[in-house]
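Naming follows writing order (A, B, C, D and E), and every chain is counted from residue 1.
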Amino acid sequence: MKRSLTAFLFFAALLAAWQVVFQAKVWSPVLAPSPASVGRYLWNALRDGTLEGSTLVTMKRLFLGYVIGIAAGVPLGMLTAQFRAMRDTLGVLALGLQGLPSVCWVPLALLWFGQSEGAMLFVVVMGTLWSVILATDSGVRNVNPIYVRAARTMGSRRLHTWVMVIMPASLPFIVSGMKQGWAFAWRSLMAAEIFVTILTGFGLGQLLHYGRELNAMDQVIGIMLVIVFIGLLADKVLFSPWESFLHRRWGTDK
Amino acid sequence: EKIVLRVGYFPNVTHAQGIIGSQTTREGRGWFEERLGGDVTVQWFAFNAGPSAMEAIFAGSVDLTYVGPNPALNAYIRSGGDEIRVLAGAAEGGAALVVPADGRIKAPADFRGRKVATPQFGNTQDVAARAWLKKQGFKITQGGGDVFVVPTANPDQLALFSSGQIDAVWTVEPWVSRLEQEAGGKVFLEQPEVVTTLLVSSVRLLKQHPDLARKFRAAHVELTAWINAHGAEARAIVCSGLGADMHRPFPPGLVESAWRRMHFTADLKPEQIAGVVKDAQGVGFLPNAIPLDRMFSGEP
Amino acid sequence: MTLQQELSASPSAKLAVKDVSKTFPMRGGRVQALDHVTLNVSEGEFVCLVGPSGCGKSTLLNIIAGLETFDEGTVCSDGAPIRGPGRDRMVMFQEPALFPWLDAFSNVMFGLKLKPGLADSERREVAQYYLKLVGLERFEHANIHELSGGMKQRLALARAMAPNPRVLLMDEPFAALDAITREQLYGDLQRIWQERRKTILFVTHNVREAACLGDRVVLFSPHPGRIREEFRIPLPRPRDINSVDLAEHSIEIMRALKGHLGDTEVHE
Amino acid sequence: MKRSLTAFLFFAALLAAWQVVFQAKVWSPVLAPSPASVGRYLWNALRDGTLEGSTLVTMKRLFLGYVIGIAAGVPLGMLTAQFRAMRDTLGVLALGLQGLPSVCWVPLALLWFGQSEGAMLFVVVMGTLWSVILATDSGVRNVNPIYVRAARTMGSRRLHTWVMVIMPASLPFIVSGMKQGWAFAWRSLMAAEIFVTILTGFGLGQLLHYGRELNAMDQVIGIMLVIVFIGLLADKVLFSPWESFLHRRWGTDK
Amino acid sequence: MTLQQELSASPSAKLAVKDVSKTFPMRGGRVQALDHVTLNVSEGEFVCLVGPSGCGKSTLLNIIAGLETFDEGTVCSDGAPIRGPGRDRMVMFQEPALFPWLDAFSNVMFGLKLKPGLADSERREVAQYYLKLVGLERFEHANIHELSGGMKQRLALARAMAPNPRVLLMDEPFAALDAITREQLYGDLQRIWQERRKTILFVTHNVREAACLGDRVVLFSPHPGRIREEFRIPLPRPRDINSVDLAEHSIEIMRALKGHLGDTEVHE
């Protein structure tokens, strides 16, 4: 209760500061629109269904891309952590590729998938996968070896050890890596929606992009707020439960 | 004390005046500096696209810029007519509808069910494409209709067109030439009279240094005339300017063939812009347009 | 297998450590943890290892467990060289090594779940049996960090014993326990060992404990880790830790321990 | 030695596969240039100094932005982990903002810094900071509390505890977070170099952008390779030493 | 302050625990770790706590250290309520709690560096002195994970003693040590305690150890943790762990321990 109050007051203060800046007319109102006009944009976009529609489209893409990124990245990260040869090949590749901006993947995506959801997905996955691999790799390599040793003497072998011991033992890292992966996925998707135009669905990235194209900063800021909001929601729903489970079990973070 | 004039343009053949201005500045014989007087320095900014240029105008970090009519219109309307003015025209033509050379598409009716790419959602060519297709009696919606209009970045168009994943492209030079030369395209339709580039100024500049804006415009008009008189020389400067901007040699042949499809004029034809507005509104863009009179007034 | 059979099954095994040496690299040199150590443990034998801190007892246990490599020598279990850890040789580590992401009960279940041939309900029953044995039945659902030091050690003991391995390698399992709990567990351990004929290798610092539990007590000396002497304890079972016979044996061992330490001078 | 051999063979195989694909003419050579033509591009760009020049420009920006991101992010992350109120305000903000694509920050950067290196830096810092804050926060909250308790009884207080105990104890997380921050910084810088036009220096992002604009795939792939190479180098120089120190000290990852 | 003064400075302190209760939340209920515990330790006194596993000894130590909150009662040091941990009350935890990012030497230096009034060279000398005392002089530069269980415990002991705190709160400091090393450290600890008039609260499971070291032995009973009985040990110092007088005392304590356990039934 008290916590939400702090948060509420903080964001109310931010909003107030914004209003003050707007009224002081320090910046061109085109670039820094009033909170009211952003609110109006959001309200209208909600009413005519644009916002819900594109949010839905974007969330579908995001989830799919993210889930694929995680589902492939976590096991691959465990492989790179476990096997020298994998680390020297895939691990090195991941290190190199994670710095590439999403736009680099666009030509390849179009080449392989044409202008389809597949291309979009490819860009998102490429933007997420490598960082998830690296975070998992880090996590696994930081696992206290005593856990693995204990498990092995109890007869735990390969897959069982990975799933039942190494995974949970590196969970704090993996969750932290998954949070970052989420951010990577978002950003890649925004880029993908800007660079890969497809006809099956108009997402938040496109709204953001066209807002910018049309110099409609109320739209740009409105969509930014939506992205921020979804980010917070995702944290509450996807990551917070894991984190509090971890902290309760491990006895960390009182 | 020196006054700094900050001018934007895109490294694109259709912005020849900007490229020549920046290239001559780079070479130390600045066309505009020579005509603006010794106390003025010109800084040239090569923007990636219209929105960036317009953001810079709004943020007060450039004073003048070459830009396409649609971003200029958007910026004018968005600011309620308060922040930018069009000073002069710069280039016309250069846009075309390209279809495969194999004769798949011979008549407007053949576009039914096809995919037509445009450079950007809501940009000049996109609006033109939608308006033209509508005029041919097709039903166009955002995600479908009788013909699929697919906004696709220029470089990707080339790839998708050559691999047959899109059937036609409505775009602007130098991409029209590249589609012809590299991807087996054939020009189906041209609109030589359509404005491609304008010279716009921020209202702030007009307020603070009206004389400077006037002098810059005059220099621009003079440069346009010079370009029309000295085609080969102008093309050479444009070619080396593009190379310098992009840090990669630009093929002279491309400038050559693009040039043929455009012409440079400093004349302002407000009725052309009004036509653009009408087209845009006809296909559902620019819902709350305002009177354009102040846009061409040249006054703050 | 019924639960009854499971709880009373009698495994058999034999360990043969021959001429094993092991050095660890260390900043500015090497540490010789084991120097030509030879040790045979027959089936169903209870052998205790005693020796000063840092003499290589844990290292030897880890090697037999198949968790640590060694530089020289051979280590066989049932005549076959040990290639890695196996469910037949369960280890109770010196630090509890419990899994913090599982609660107490699930920690015990971990090894049981890996043991084939048991129904899930039987596994649960076995786990509960051992939790009760170590006095943690009220703490089934506790997180590891909520347990006291001694409770952690008891949980580790339950976890090691629950899957009923043929060989138990125990590294100071009772170090953090009070005298009373300890005495109870001496009794329980001896009973389990006798009923199920386990082979136990048991590291301890408590000489009396060694004499109480072991058929044989093996004395290590440090730097480098070597076996110095062996003592047979031919007392009848069950033994009482406070008996006079046992005290005599432990005094003898203690004397030997001190003697060897005099030789090698741990603290110069 | 053997490790570099594996890596070398792997990348040689990738190169060979690329050559095969090129020769099989599966894709138009405009889209998938030959290794040789990419090599030629790189060689020419090296010879005329473009590559060194823009690499230098980009690296300067990257380092500056990254260092600021880390220098601000790590302490702020510790604050959010330590203080409820900070977590409920700054922490929530960071969670929300980390998903925003870099292009969102461009108008703000222009408003505050004009078309200058400052604007570029701002975009990079905004792209890096939040994720570093979150990674540090995660790391600190996963520190085993016994270390802090032990330190406090020895008289360690606030700043000392943070610097001498919490920081090193969460180092495995922080290093992993710093690696991801590095990737975020790269990607943001690439976006910034495209969207923020300034006069002082032509960077790799611009080369990449213009390569794409001209559909010069040899250039695009060449610059991608340079980015990958720099990423690997950075890992070797910046992160690997820390990681191996950690693993040696903690006894993890044998 | 010279090194000599530093090594022989004589601190003074007094601990007063009054009616302290503490419960922990636990899945499906609460655990009462301490139930109205009252304990006074005068300046320079050596008090040993014994009691079965899980009876709240570590919890009490943590409360006195200022690391744990409590539900009821008051805890004072030198007459002033304890508000948090302080350098005057050093804790040696039950798990070694060594810093894995520092080597052995730097772990000992950690507390010393926080102590004002010493030159760096003196600090180094003090650290070396204590490393030698616990027999780890050869392992100065070892990483923590390279130490054996007993070596870790000895290092933790050195780290706790090096800053020469007025009060030492020690939680089973010798549990992982062999008899010989232990006996040596009994001597050392008593000497340091007497020379520097420290106040020591010492948790142990070894009744004989308690009788050997303590002026007083305090007996805990579990569930909930309560103080059941106290024993004065009026033997002269230094005491020999093997002496007959001491054995008598420890038998008495042992008997009391067993009696109370009978009352409360740890394992029902």
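Methods note: a residue touches a chain if its C-beta (ideal position, glycine included) is under 8 Å from a C-beta of that chain, and two chains touch if they have at least 3 such contacts.
Please read all numbers here as calculations on a predicted model, not as lab measurements.
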| item | value |
| --- | --- |
| Two chains joined by the most C-beta pairs in contact, as defined above | A-D |
| Approximate Å spacing (C-alpha centroids) for the pair subunit D, subunit E | 48 |
| Rounded Å distance between subunit B and subunit E, as computed from the means of their C-alpha atoms | 81 |
| For subunit B paired with subunit D, centre-to-centre distance based on mean C-alpha positions, whole Å | 35 |
| Sites on subunit C at which at least two other chains make contact | 95, 103, 146 |
| Sites on subunit D at which at least two other chains make contact | 27, 31, 107, 110-111, 212, 246, 250-251 |
| Of all residues in subunit B, the ones touching two or more other chains | 55, 58-60, 155, 159, 163 |
| Listing of all chain pairs that touch each other, if any do | A-B, A-C, A-D, B-D, C-E, D-E |
| Complex contacts: residues of subunit B adjacent to subunit A | 50-51, 54-55, 58-60, 71, 74-75, 78-79, 83, 120-123, 142-144, 148, 150-153, 155-156, 159-160, 163, 165-166 |
| List of subunit C residues in touch with subunit E within their complex | 24, 26-28, 31, 50-54, 58, 94-95, 103, 132, 135, 139, 141-142, 146-151, 153-154, 171-172, 175-182, 184, 205-207, 254, 257-258, 261, 266-267 |
| Touch list for subunit D against partner subunit A, complex | 3-4, 6-7, 10-11, 27, 31-32, 81, 84-85, 88-89, 92-93, 95-104, 107, 110-111, 130-131, 134-135, 138-139, 141-145, 172-173, 175-177, 179-180, 182-184, 186-187, 190-191, 205, 208, 212, 217, 220, 224, 227-232, 235, 243, 246-247, 250-254 |
| Of subunit B, residues touching subunit D in the complex | 6, 8, 11, 43-48, 52, 55-56, 58-62, 154-155, 158-159, 162-163, 178, 182-183, 245-248, 250 |
| Contact footprint of subunit A on subunit C as seen in their complex | 62, 65-67, 84-87, 89-91, 93, 95, 97, 99-103, 110-111, 114-115, 143-146, 159, 163 |
